[in-house]
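Both complexes below contain subunit A, partnered by subunit B and then by subunit C.
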Partner chain A sequence: MTTTTPRAAHGSAATAAPAGAPRRRRRPTLAPYVLSAPAVLLYVAFLAVPIAYAVYLSFRGLRLTGGGAFGRRREVWVGADNYVAALTDPELGAGLLRLLVYGAIAVPLTLGLALLFALLLDMRGARLVRFSRTAIFLPYAVPGVIATLLWGFMYLPSTSPFSWVTRRLADVTIPFLDVPLLYPSLANIAIWGGVGFNMIILYTSLRGIPDEISESARLDGASEWQIALRIKVPLVGPALVLTGLFALIGTLQVYGEPATLKPMTSAISWTFVPLMKIYRDAFLRDDLPLAAASSVVLALGTLVVSIALLRLGQRRVFGEQS
Partner chain B sequence: MTTTAPARGRTGAQGSAPPRLARHRTGRTGPTLVLALGALYCLVPVVWVVVASTKARSELFSTFTFAPGSGLLDNLRDLFAYGDGQYGLWVLNTALYAGVGALLSTLVSVMAGFALAKYRFAGQRVLLYAILAGVLLPGITLAIPQYLLLAELGLAGSHLSVLLPSVISPFGIYLSRVYALSAVPDETIEAARIDGARESRVFTSIALPMMLPGMVTVFMLQFVGIWNNFLLPFIMLSDQDRYPLTVGLYTLLSKGSGEPALYSIAIVGAALSIVPLVAMLLFLQRFWRLDLISGGLKG
Partner chain C sequence: MRTTKLVAVATAALTCVALAACSSGSGDEAADGDGPITLDYWAWGTSQPGLVEAWNAANPDVQVRHTDAGGGTDSSAKLLTATRADEAPDVAVVEYNTLPAMIVGDVAADITEQVDEETKGAFTDAVWGLTTFNDAIYGIPQDVGPMALVYNEARLAELGVAVPTTWAEFADAAAAVRAADPDTYLATFAPGEFGFFSGMAQQAGAEWWSVDGETWTVGIDDEPSRAVADYWQDLVDRDLVKVESLLTPEWNAQLNAGNILSWPSALWAPGVIYGVAPDMAGQWALAKLPQWEAGDDRVAFQGGSAVVVTTSSEHPAEAARFAAWINSSEEGAAIQIETGQYPASLTGQELATQSEPPVLMPQQTDFWTLAAEIAGSTLPDISWGPNVNVASSAFQDAMQAAADSGTPFRDALATTQETVVEDMTTTGFDVQE
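The block that comes next holds the complex of A and B.
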């Protein structure tokens, strides 16, 4: 994948270049260096160096040296110890498993609903299009933490409107914040926040499909749903892959939502998701090397998953084109 | 099987009624209903928080949740009195981190994106690969390494420790490059050069105006991205006066579990904080070029 995306991108750079004047430029210029200097500096300072530092730290650790009563805890090289500790820690595995359950609900529903709404917006005959589009997009403006706060109150037995109704009807409250309902409750927050943005991306790429294609299918007697499923969905394949990638990366990075819900329920522990465990290791246990090793593992994991998804997506897209 | 059924439906539709009529009958109520349900789902929590913000403390847990209360003014007074006006500081901090951060980020992105798209230079390939790797790297896992580094430099805890890491956006640079490739014709640049324009003038007078719609998109994405990034300020900052709204409201809520009085403050604070952003989003929506993103995979 590190090879495919860049190759695709390079391909377009190459196609743009031959037509381009820059090649025929006579005098050498400093302009591109000046223009990209701020980005390069910031990239080095806030991406490259922190990553390198985290990798360095992940191989360090506090160990007793000197032995006996005079032994001191000093920072030394510990090889892969932190990685072994991180990977064999059952809490990290359990956190990943919870993430999997959460993601298995959140990602397909976010994408499925986004695609459904986008197709409906694009369909002839639907009413309320402008209103619905704006309303569904609205949660994008609400940050995850505040969205969690809103939904948290909608879940909390004492303020929940849903539980208010069920209490009146059957004298029960819905245990939104207890396992197993906790997972759909958490996923719902992500779905609520994510559907609109993905819908807009898919909708804009649906709008990019030439009208003639749908029109000719319509003349052949295809129904709006047939046009949507057989013609439009395959054509927005690349956008679907992209939105899937965003949703997946978002899932692996989930932190703010469970952390915000934590005060409301005892079902969320300090190690509920991997990032919460990393935070605890780094700041509550002062085990920075372990936290650094877990960060590296999580970042590499995300990278591998997104690369795999992009690969898969590209093959699918190319397969359909040929 | 899946192929025959629709085919039969097609001949039936053609035979019995004009296709247009059939289309109208099937295609109106269903889609509209589903869209309306989607809109309802998305609006309910927002309506709830606005209604709940009008409730006095005693009403919050007793009256029906969608019944407006009588305590809006008291709640607002409590909110702005909390911690000697910390809420106001949080608003200003958010404006600084997200507003100034997104503005700087857009500028940095558009400069680098334009350079990558329209020049050939040493190290270009490396830079492009680095940017692409950065797009896929989860930014949030960087928060802890960034903290470690800034702590070494003694910068952790300052406004800058949140602002500076937010300025670099590989995705913003990538989008700017895609936009520059499609929106700024090489002929225009060359014509300006032949007329004697210097490279700085080519950028400021030709590239920037032509890339404006792309810049609005990058700005909005980056604004929402920074405003959404909870972990970075949460890790970097310890002084409550420097918190952005998200971290501030989070601490309010975690304190509130022991002190339910803080719930009403958190609710009115949340309601108030989403109003300006929603307004801005609705206003800027028309300038968005989100096709950039969907086209990004191909470009």
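The block that comes next holds the complex of A and C.
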């Protein structure tokens, strides 16, 4: 804890200085420092310090000291060993590839359905708007683990209602939890839970579009679908970029669904997705440093992809507007 | 200026010392005085509260505070982290196959000096072998899981299939069950069951880890293990056993429907089955685990745990006394049996013969006598390695991938062996393949 105090003081000085600089005539006051201190302190204590510690840890390793068959494992400096191990492990790449398949199903469908529902609710003459909005949003309120268990039981051969029907009709059981059906099955859980949340964001954004714009299009003879596709969708572009970004980050951080389904199927290994591998390294293999290195790699990757998406999104969405 | 700075530094230093003293544990203040000392004890399972209560009542000077820090895997991960943070308890339960990892992780202390002859005499040599490494004792055995076969007596009789006593008979029985009822399997083969597979391999003569002086030998891919892999491969290929994870909703449903007729596992199995299929009470029974050679009489352990004194403990002598008492006294054994734990001590196993059979098999009046007989024929010299955690996750992934893709199980053993040796070499162990 002793190291946080000087860091905090330094941090707050650095952020507050530019704000105070142009106002030369006024006497310097404590107010900016005092007001920003809580945020800076919290940021340093709960974000900067843990990240710095994780980075530090990623260069350490537990190695045998004292020799002998029962020597003691102690933490020593190992340089970039953990990064080499993390990046050369084929399972990390395989995990990312599995995420890609999963994301290719989950992201477009979640966003597509969310947009469709939002447009339908926003359409002139839509009925039961409030009820439908709540009904579509409701699955988001179900905790991820509960949702996964619930779907898990609907996938397992002996408890699945779908397989019960197909067994009656054609004597086949649907292998929901075996590759390749496993990917859509997993994606389905995310779509079921995620559509409502994204729909609310898009719907709120749609409500922000002035009525006059739709009105004038209508006077020009545009149909409701034309208004939706040609006018509304481009105008909610920024909201689409935002939800797309959330979906992408959410995909890279998938953990709960496969980890909860793991006991139900042999198709999910300990290294099925990158975060499961990180968890295994940290808590099953007692290799926190390797887990730290993999986490740093994953975080940097997420950052790069997010920035790239934001850049691309901004150019397209805001470029067209101006 | 100088003096104020000095004072500040001194104050800070003192505060640190005070904080460190506080954080390093429980009741240390009282240790030097005459007041009672407090030991922290991390353990899971239903028997623990009773054991702690009994000890506390008899020992007002050494009070024990029990914390349930999760099951075997969780608890050992926490012990390693807590030891590094200097926050570890004084005493903790550790599974036998995790014990070496706890020794090299500097969690378990050498208690050879604290163990008296009376305590030593309370256990068989085979059981002591589980907590003794290079002649040093690192824990007092608590419970054991000698391997055994539990089977659906009623259904097997109905299908006219005899209880197998060798693995060859087991394969024939599996075929007979399939022929008699195509919806039914004699058993499940769960590819990810590390404890079961290693136990079977040990019964066949495998030595997955062994130590000679300073050098480790890893034998996960040795001949006996490959033979075990090939044995199950054959049953799986001929569709004589069901490939499935255990205790999933799917498996439980099949078990309750009478479509899975046996479970080669260990003495704790009746309690587990009763937990998922209480309606089957009276239908199931216990038998000895099949043997590789007819007339042999040897089994490995699947599961079981010991109580270790940690290196962080300030009161190792009292901690060892507590560990010895709960695990070798008659009072302790009575509580263990009452709560469904099979005692590791001979005292406990003898006491168990006088109790009622498990609720799943009330008709089997010789249950505990048979259990004691099985426990008496366990293999000595079973030794685990310092990275069983690495082995078990690698084994699960490799075996399940093999089962899914149809590649040979014996290749999965090679993969596991490779991962384990690589991990040990990276850590700095001297390994001979």
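Details
Keep this in mind: the second predicted complex is superposed on the first by the 272 of 322 C-alpha atoms of A that agree within 3 Å, B and C clash if a C-alpha of one lies under 4 Å from a C-alpha of the other, contacts with A are read in each partner's own complex, and residues count from 1 in each chain.
We adopt the following convention: a residue touches a chain if its C-beta (ideal position, glycine included) is under 8 Å from a C-beta of that chain, and two chains touch if they have at least 3 such contacts.
Everything numeric in this text was worked out from a predicted model, so none of it was measured.
Residue contacts after overlaying the shared chain place A:D286 against subunit C, while subunit B stays out of touching range.
A count of residues in subunit A touched by subunit B and by subunit C gives the higher number to B.
Contact with subunit C, but none with subunit B, is seen for A:V179 once the two complexes are overlaid on the shared chain. In the superposition on chain A, contact of A:R63 is made with subunit C only, not with subunit B.
Of the two partner chains placed by the overlay, subunit B and subunit C both lie in contact with A:P263. Of the two partner chains placed by the overlay, only subunit C lies in contact with A:T271; subunit B stays clear of it. Within the superposed three-chain model, A:A299 lies in touch with subunit B and out of touch with subunit C [touch as defined at top]. Legend: residue contacts after superposition of the two complexes on their common chain; A:S158 is shown touching both subunit B and subunit C.
Contacts of A:R73 after superposition: subunit C is touched, whereas subunit B is not reached. Note: residues 2, 153, 158-159, 263-264, 283, 288 of subunit A belong to the subunit B contact set and to the subunit C contact set alike, using the contact criterion stated above. Put simply, subunit A touches subunit B in their complex at residues 2, 5-6, 8-10, 12-13, 16-17, 19-25, 29-33, 35-36, 38-40, 42-43, 45-51, 53-54, 57, 113, 116-117, 120-121, 123-129, 131-132, 134-147, 149-154, 158-161, 164, 192, 195-196, 200-202, 204-205, 207-208, 218, 220-224, 226, 236, 238-239, 241-242, 249, 252-253, 255-256, 259-260, 262-264, 275, 278-279, 282-283, 288, 291-292, 295, 298-299, 302-303, 306-307, 313.
By the touch rule above, subunit A contacts subunit C in their complex via residues 2, 62-65, 67-75, 85, 153, 156-159, 178-179, 263-267, 269-271, 280, 283-286, 288. The residues of subunit B lying in touch with subunit A in their complex are 6, 9-11, 13-14, 19, 22-24, 26-28, 31-32, 34-36, 38-46, 48-49, 52, 60-61, 64-66, 107-109, 111-112, 114-121, 124-125, 127-134, 136-142, 144-146, 148-149, 164-165, 167-168, 170, 173, 181, 186-187, 189-190, 193, 199-200, 202-203, 224, 227-228, 230-231, 235, 245-247, 249-250, 253-254, 256-257, 263, 266-267, 270, 273-274, 277-278, 280-282, 285, 288, 290-291, 293-299.
The residues of subunit C lying in touch with subunit A in their complex are 12, 16, 73-74, 77, 80-81, 84, 100-101, 103-106, 133-134, 191-192, 211, 213-216, 243, 245, 248-250, 253-254, 386-387, 389-390, 392-393, 396-397, 400-401, 403-404, 423, 426-430.
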